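Structure, as structure tokens:
Chain nomenclature is as follows: A, B, C, D, E, F and G, assigned in order of appearance, with residue numbering initiated at 1 for each chain independently.
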Amino acid sequence: MATVQDIEIRDAAARSAAAAEELQDAHGERMVLNMGPSHPATHGVLRIVLELDGEVITKADPDVGYLHRGDEKIAENMTYTQFIPYTDRLDYLAPLANNVAYALAVEKLLGIHDKLPPRCQYIRVMCCELARISAHLLGLGAFAMDTGAVTVFLLTFTEREKIYNLAEAASGARLTTSYTRIGGLMRDVPPTWCDQVRQFLKEFAVSLAEAETLLTRNRIWVDRLRDLGVVSKTMAIDYGLSGPNLRGSGVDWDLRKNQPYLCYRDLDFDIPVGSAGDCYDRYLVRMEEMRQSMRILEQCVNKIPGGGENRIGEPVSVADGKITLPSKQKVLSSMEELIHQFMLVTEGVNCPPGEVYFGHENPKGELGFYINSKGGGTPYRLKIRAPSFVNLSILGTLMPGCMISDVPVILGSLDFVMGESDR
Amino acid sequence: MEAINNWISCGGVEDVLFYVFAALTLLCGILVIANPFSRNPVTSAMFLVLTIISMSGLFVLLHAFFLGIVQIIVYAGAVMVLFLFVIMLLDLKEELRRKIKMFGLVAGLISVGTVASIFLKSLASVKTDAAPPALEGDTYALGKLLFTQYTLPFEIVSVLLLVAMIGVILLSKKKLE
Amino acid sequence: MDWNFIIFSLVKIAIVVGVVQGLVAYSVLAERKISAWIQDRVGPNRTAPPFAKYLPVLGPLLTRWGMFQPLADGLKFLFKEDFTPAGVKKIYFFLAPAISVIPAMLTVAVIPFGSQIGAQKMVIADLNVGILYTFGIVSMGVYGIVLAGYAANSKYPMFGGIRSSAQMISYEISMGMSVIPLLLIVGNLNLSQIIGWQSSHGWLVLYAPISFVIFMVASFAETNRTPFDLPEAETELVGGYHTEYGSMKFALFFLAEYSNMVASSAMMVTLFFGGWTLPFWGLDHAATSLGMGLVQILVFLVKMLFFMVIFIWVRWMFPRFRYDQLMDLGWRRFLPLALVNILITAVWLWIRS
Amino acid sequence: MHVGLQHYLAVSMILFCLGLLGVILRRNLLVMYMSLELMLNAANLALVSFSRFNNKLDGQVLVFFIITVAAAEVAVGLALIVALFRKRQSAHVEDLTSMKL
Amino acid sequence: MQAKSEYGYNSKIEGDVVLTTVDAALAWFRKNSVWPMPMGLACCAIELMAVGASRFDISRFGSEVMRFSPRQSDCMIVAGTVTYKMAGVLKRVYDQMPEPKWVIAMGACASTGGMYRSYAVLQGVDNIVPVDVYIGGCPPRPEAVLDALIKIQEKIGKQPILQGTVAARLLNLQEK
Amino acid sequence: MKYENLPWLILFLPLLSAAVITLFTLRSKTVSSLISIGAVVAGFVLTLLFITANGFHFSGETSTNWLSIGGLQVDFGLKLDALSMMMLLVVTGVGGLIHIYSYGYMHEDESMARFFACLSLFTFSMLGIVLANNFLMMFIFWELVGVSSYLLIGFWFEKPSAGDAAKKAFITNRLGDFGFLLGILMVWGLLGSLSFSTLQSALAANPALLGASATLAGLLIFCGAMGKSAQFPLHVWLPDAMEGPTPVSALIHAATMVAAGVYMLCRSLFLFNAESLHVISYIGGFTALLAALMAVQQNDIKRIIAYSTLSQLGYMVMTVGLHGPTPAMFHLTTHAFFKALLFLAAGSVIIGMHHEQDIWQMGNLRKKMPVTFLTFTIGTLALCGVPPFSGFYSKDAILAQALAQKSYLLFGVGVFVAALTAFYTFRLFFVVFCGQEKSKAAAHAHESPLVITLPLIALAVFSFAGGFIGITNNYGSQLAHEYELLSVWQQAIEPLSNKLAMFCGLGAVVIGFLLARSLYRSAASDPLPAKLGGLATAMKNKFYFDEFYEATFIRAHDWIAAAADWIDRWILEGAIIGAIRGGTDLSGRALRLVQTGNLQTYAFLFVLGVALLLYLVLGK
Amino acid sequence: MAITVNRKPLTFWEKLYLPAIAGGLKVTLKHAYSTLIQRKVVTMEYPEQKWTLPTGYRGAPYLVKDQEGSTKCVSCQLCEFVCPPKAIRITPPGNDGRKADRPNAEKMPAEFEINMLRCIFCGFCQEVCPEEAIFLQQDYSLTALSRGELIYNKEKLLSLGGVSPGIQKWKHKLEEAKAQESFPVKV
């Protein structure tokens, strides 16, 4: 056991004085309430300093950074491939989607993002949609739990466990999948995977209906969500919201449709949008998105090249020794591949110099990677446009006028993840 | 044993209970206004609650069951909660100025003295009744009286409550629109 | 008044309090088990003392049902460090848990839990103003919570305390109003008499269903159960008024909450579901034999447990209200409804008379 | 000595005097208010005992009214105190000597 | 049904400690009611939720009562990356827990800093609070958390309670 | 009395409708108006039911004790006899027709619901006056009528003139009501009762009960009528009141409210002695003459009718003063019919002319608005007293009454006024309906919709037939305690019983008609001012009454006020109050030392005071 | 194809909470029924029941020996390089260190430590290993009472890792060469 020691805080006295001053109740009837960073409603480590007038919030001051881990800086010292595990932990509710987003960004830099093998594309889409369902499920469950409906949380988590099983079968890990590689996938999915997905979809439809029975038309739920945290169309655009939060405000913007990538062009699905832009709309949009994801998954399962078992051996990675690792078989038996392996691992994928930005429709919104490359195997600068961070920016405008009880609802409906917000 | 049974049946218990409750009432009453340990308004409020509860014990001894309970429900259950509510709302600090001003003391003693002397005088004129009559504070009888002979005051009190309610709503509004 | 009375009263008090405590402990377990079942889980099933498994059939069963879990929880709290955070108002901090437990325990004093065994009526105190007594005592319960919120010198408990005082006062009114139709129908405030009336006329829930609904909802609110658990709303106020409490003091709040549940269920059974009576098998009149008396106590307990289960069940179904919605429901829905209910009942009685 | 009317009246009287003392001595508005309640309660006690010993229920009816009026009075009074506190940031009598807010 | 070793009442303690019967019984109570304080910071928090969810169901161990108030919890599960900014808060929460208390460092980040060897991350929560059980994995599977819980329970089962307390001295049991 | 509760229902239906409209249906114009119309029509139907059940010649009272203060015992009761029942029929019947008419007339207005609420309130108050069985109740409703008429005149309150007119009417009425109240108090003081029946029987038993102040009491009571019925010198408000909507003019200022004064005089006729009646009759006669002269030179169609109303009211009051309540009530009834008809027709014309009221902008409307023309003609004929229209009978009765009372001066005035009436009525008639169109609006006028013309037709029927359905007889029977069944024929030839009156009246009509015809048959502008000169100008300007009041009363009032102000300021305030104030100030300064602002000091002083009091009470 | 989500206002009955109560009762009852009566419990009672892991599960990385019992690792340090958290620490044998205990390998690590508390189980080491010497195996529950307990040294890793099921490197070539008998391979 390591020795216990007090952590060093630079200039502790000044810091505590500042904190005390910050939390001092304002003169008059205002009262300052510190919510978080360890608070059940803040989904992690968000801290909100609320100024209250009775139960009504007059000012909300979100304080982020409690989970700042320096991902962007770390990326500068890593090869492109090495950074993949870090993307898992951005939006840790949907690591599969993050992997895809990052891989696509690097591939865009390499110029191969639209030349991926079709099977790879399909599997990536399925990953994304599974991740979407899983992220929305957790968002819904946590949302419901924050409003007091605990059972919904456990129902959704049971479904999430099934998605975990799928992820585990495909990538070998439940949560931190690191499934993609630059130029393809880590490996092909196991032969029975597509059947498992089919089975899952069948069971999930029932569970989703149950969750809806408990919530959607429940008056308590509706009363708590309706007309709360209304984000107008212009406001949503002005604040740069994305994902369900943007669509909940009635803006028909989905990168899968508006800037199609992978094989989304071949798939048939709808973009749900809200009309009022309140929490209820965001909730409904998420519910509908899960159904649309189910639609996409069903189409993918049927249309995937090579079928479920891939008897014909469709490739899942680009066949370029400079980008993807050669197969173990070859490495063990051929010198050229061995050298490739060493080069690729030690120097990384040799990217051309240039700048690239790729936005991906993640469950939470547009997850964008901006890569500034000066050539070589490591990025010169990697910037992550995290949707949760941008979505959180609206808190300060949304909260004043609400009551304390509305805070978990608004937070739940914005459905953010501190992992990617703080990075 | 026999003696004790006799004592119990001839009302000895009630007498003892009276002294217990009276002492409790007065003790808590004193602590409401002058608590040597704390000047916190919450303390006063809590002792007032105790006063009221012990007083409702006295009411029960006087066979006014209904009023005893109403006393608890209304005073202890609602009025004093309101007090506590307000104390918490205002976040009152303890009284810092502990010094009792000479004027206050003198004034208090004078006024209490005058009032008490008058009371004592009237108290002396009370006839000592031999046996207390067996009047029951029956809910039914009380209700009947309330709704027959005292209908008008009853209605007026209801109007008073309404007015008070409206008044409170208006007063507690921050800004009158 | 004689010695007999005193001795028997003491015995009854001891038994009732003991049973209520046991019920409370096991209702906590029931809460955990039922929530587990509703959520496709198993619930506590590993807590068993080493000797339990040597019991032939019972052992594994007791273990599976987690029968020793309450024991473990209770004793754990007992041995936990008694923590007094800095800056609390000490006296109230210590008093609050006690104040919140006592009324919950006192309420059961007037509830007839059985007809009679021998010459003894199965009620601790057969008060003439039984219903009023209950309301009076229940209204005391709020002090514990308010003081807890006040004493903790922290903002979340403070909010919890303020919320609960407002909530409890508000719903007490609806609760009281909802009972008035019963009084109109029965014409008595004595709980034994009310049960007696029900045994000859049928359960009061048939006469005053609206009253029952209001009473039930109000008792949910009074006991701070979901969907009315605002004072302790975990995701808003962390734990509300008991955020700063730990170990046994916290356990006392737990005890109080579940005792209140027991008391409310008992009141519901007594007022609306005929108490210890059943309309058949000759259980609708006072018992003459010992067995009969025991069976009637059992009937009462079973009815009560049913409502306890409802209490627990509902908790796992609903989101909770928002504070203003709760107040709206109490003042603008249930209070007028209760008033209308009184009016309707009065008119109905007037027409019938 | 049997407990009779005088006993109750004596208790009532002492309670009343205590309330009076509280009103005059204490400086916290809320505590003064509580002392007033004490005085009202003393009156209640006197009325109930009169009612009991005079064998008439009218005293109890009056107590009923007093309780009602007290409730109304407390509500309004506390609302006033809160309003006052909002303006002055104090509930201390000595800080509240001018009539204009 | 279960292995004997899961009960705190085993020969090993009987041999070591004198106050065996009473202490072991009390320790048994204590260990079967470990209420966790979920310090969900990052990814591990999701797996911590999974532990509480239906499939793994921590409630079987009597530990599903996740109290968010440190005053009511026994065992803090640090799940996720502890940054320097968060470290103070975490320490404070730990300090607010009443004795006896335990800490589980769940996952790589909490235990050692894991993959975040960066300027912002505390390299292991044991720098600020004493950790009883470490769990490897990023994040660990729920099973690992359950294993850790069992380990904690074992540990609790071995801790004497009465020894050294006033009660023990009064009972004059110390000498034996 | 059968259906004893019916009158209550009739009375309270309009109030209910007013309440319902105000509280609930203010949003919906249609629903509100239908509720209001329904209430008054139901009242009419119920009145008919009541009359058929009880017969017309019946007298009864129903009352409940309302309040008793000291010696004053006030019942809230209804008096039902032929007089009130007749008025009931008029109010509900004519009122109902006007309600229906309003539905069409006001349809464009935004706040039609409010209008109908006020209308219902007015109906309620008017019914209250009619049914009241004592002075106090009558007075209350009297004031209520004032309020509702204020509301209705000022209905278009956004127009300053309407607001002014409403205020003028209200204040002028208050002057009269002040006298009325004094009279009532006097009666109560002298006789100790306010109930009509009690008073009547008491006075019947002992006519000298009122003693010396009988005249004064009578005149004070008449003051009320003077205000409400707009008698000289309080007549000035009525023409201005025409600022209100036309149905209001018809209902309030022609048919019902202004008649309330006459009704009240009839109701309390037993109170008046010969002297007071004498005064009343002369005031009435003078008003009639004055108003008729004014009417001759007015150009506003509604004002002409309004002055005509004034003049006719003068007739009625005069008749009452001539011990003739029967003819007065008879004339009141027929007048209600034809004057309402005239007003409504004028309203119809105004609508047709797109809210143009100047008669010199009209002309040749008989082609454009045939129904209105026809009904207006009937109204005109009835007003002038052309046989066999109703006005003929009632006017004849009045003239006959004057002859019977041997009051030849008033008879002359009556005849002259009759001639004037014919003159200005036909002037109006010719200018509006004959000759050339005098404006574009007239050329494009159109007939009004059915909902407006139907009431016109109904009223026209009444105006035609009202004269010989036995009204005189019925009234006579009520007031004279005799009842004789007369056939229609007998009633039709009734005027022949006094040939002199009849022929004088007829002659006056013929003269007036011929004069008007010769002057206005095809005149493009008024030729009269040129012929009469200054007199015409005086007529046009209402004989400068308003200016006169301005110059005399108001000026005097100002002067008195200034004098009082001076006294107040220098003598009272300066000398007397100054001294007192100085002393108070000094003592106040001394006493202010006690005023510490500390609550507890006050409490202490208060306790001392209470203790002193207690000592004084208990210590003895 | 944007579809607007359906948010029609609640009906009268829904405003009375009744359908919600009924639905809630139905769903909860269904689950309670399936758990209690049908015994379709989702819960996996862990220490007794264990989850069967899929093939390719990324558990703890252990070193493996080849079928002949010799260490496969040749201390190339590629895994140490690629490891994102730098959990692997390899001490090469140095110039005078121990030689490999198998043919065709020049050296073997003097020390090979994996800090299991650092390790994130990403599988990169397995992926990049040119010798198939390190495998992520199915060991998923790593708990310890101290940090030190979870730093596995070479011996522990090797003993936990067992024998590689995979092919032996160069074996194929070796056989080919043997067949050709012209390739100068020193065996």
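By our rule, contacts are C-beta pairs under 8 Å (C-beta built on N, C-alpha and C of every residue); 3 or more make two chains touch, one makes a residue touch a chain.
This is a predicted model, so every value here is computed, not measured.
Q: Quick check on the contact graph: shortest path length from chain B to chain E, in steps?
A: Minimal hop count between chain B and chain E: 2.
Q: Looking at the contacts, which chains touch chain A and chain D alike?
A: none
Q: Relative to chain B, which chain has the most distant C-alpha mean position?
A: Of all chains, G has its centre farthest from that of chain B.
Q: Just the chain pair, please, that has the highest number of C-beta contacts.
A: Contact tally peaks for the chain pair B-D.
Q: Name the chain whose C-alpha centroid is most distant from the C-alpha centroid of chain A.
A: Max centre-to-centre separation from chain A belongs to F.
Q: Can you check how far apart chain D and chain G are, centre to centre, with Cα atoms defining each centre and the answer in Å?
A: About 77 Å, centre to centre.
Q: Using Cα averages as centroids, what's the distance between chain C and chain E in whole Å?
A: 34
Q: Averaged over CA atoms, how far is the centre of chain C from the centre of chain F? Could you give it in whole Å?
A: 72
Q: Quick one: which residues in chain G touch 2 or more of the other chains?
A: In chain G, the residues touching two or more other chains are 20, 24, 27-28, 31, 42-43, 45, 84, 120-121, 145-147.
Q: Quick one: which residues in chain F touch 2 or more of the other chains?
A: Chain F, residues with two or more chain partners: 600, 603-604, 607.
Q: Can you list the chain C residues in contact with two or more other chains?
A: 36, 38-42, 234, 238, 316-318
Q: Can you check the complex and tell me which residues of chain C touch chain E?
A: Checking each residue of chain C against chain E gives 32, 36, 39-47, 49-50, 53, 60, 63, 66, 68-69, 71-73, 75-76, 79-83, 85, 234, 238-239, 242-247, 250.
Q: Which chain G residues qualify as touching chain E in the complex?
A: Checking each residue of chain G against chain E gives 42-48, 50-51, 60, 84-86, 115-121, 140-147, 149-150.
Q: Where on chain B is chain D touching in the complex?
A: Within the complex, chain B contacts chain D at residues 11, 14-15, 18-19, 22, 25-26, 29-30, 32-34, 39, 41, 44-45, 48, 51-52, 55, 58-59, 62-64, 66-67, 70-71, 74-75, 78-79, 82-83, 86-87, 89-90, 92, 95, 97, 100, 104-105, 107-108, 111-112, 115-116, 119-120, 123, 126-129, 132-133, 135, 137, 141-142, 145-146, 149-150, 153-154, 157, 160-161, 163-165, 167-168, 171-172, 174.
Q: Could you pull out which chain E residues touch chain C in their complex?
A: 1-2, 4, 6-7, 9, 25-26, 28-30, 32-33, 54, 57, 59-62, 64-65, 67-69, 71-72, 74, 96-100, 161
Q: Mind listing the chain C positions that touch chain G in their complex?
A: Chain C reaches chain G through residues 34, 36-42, 313, 316-318.
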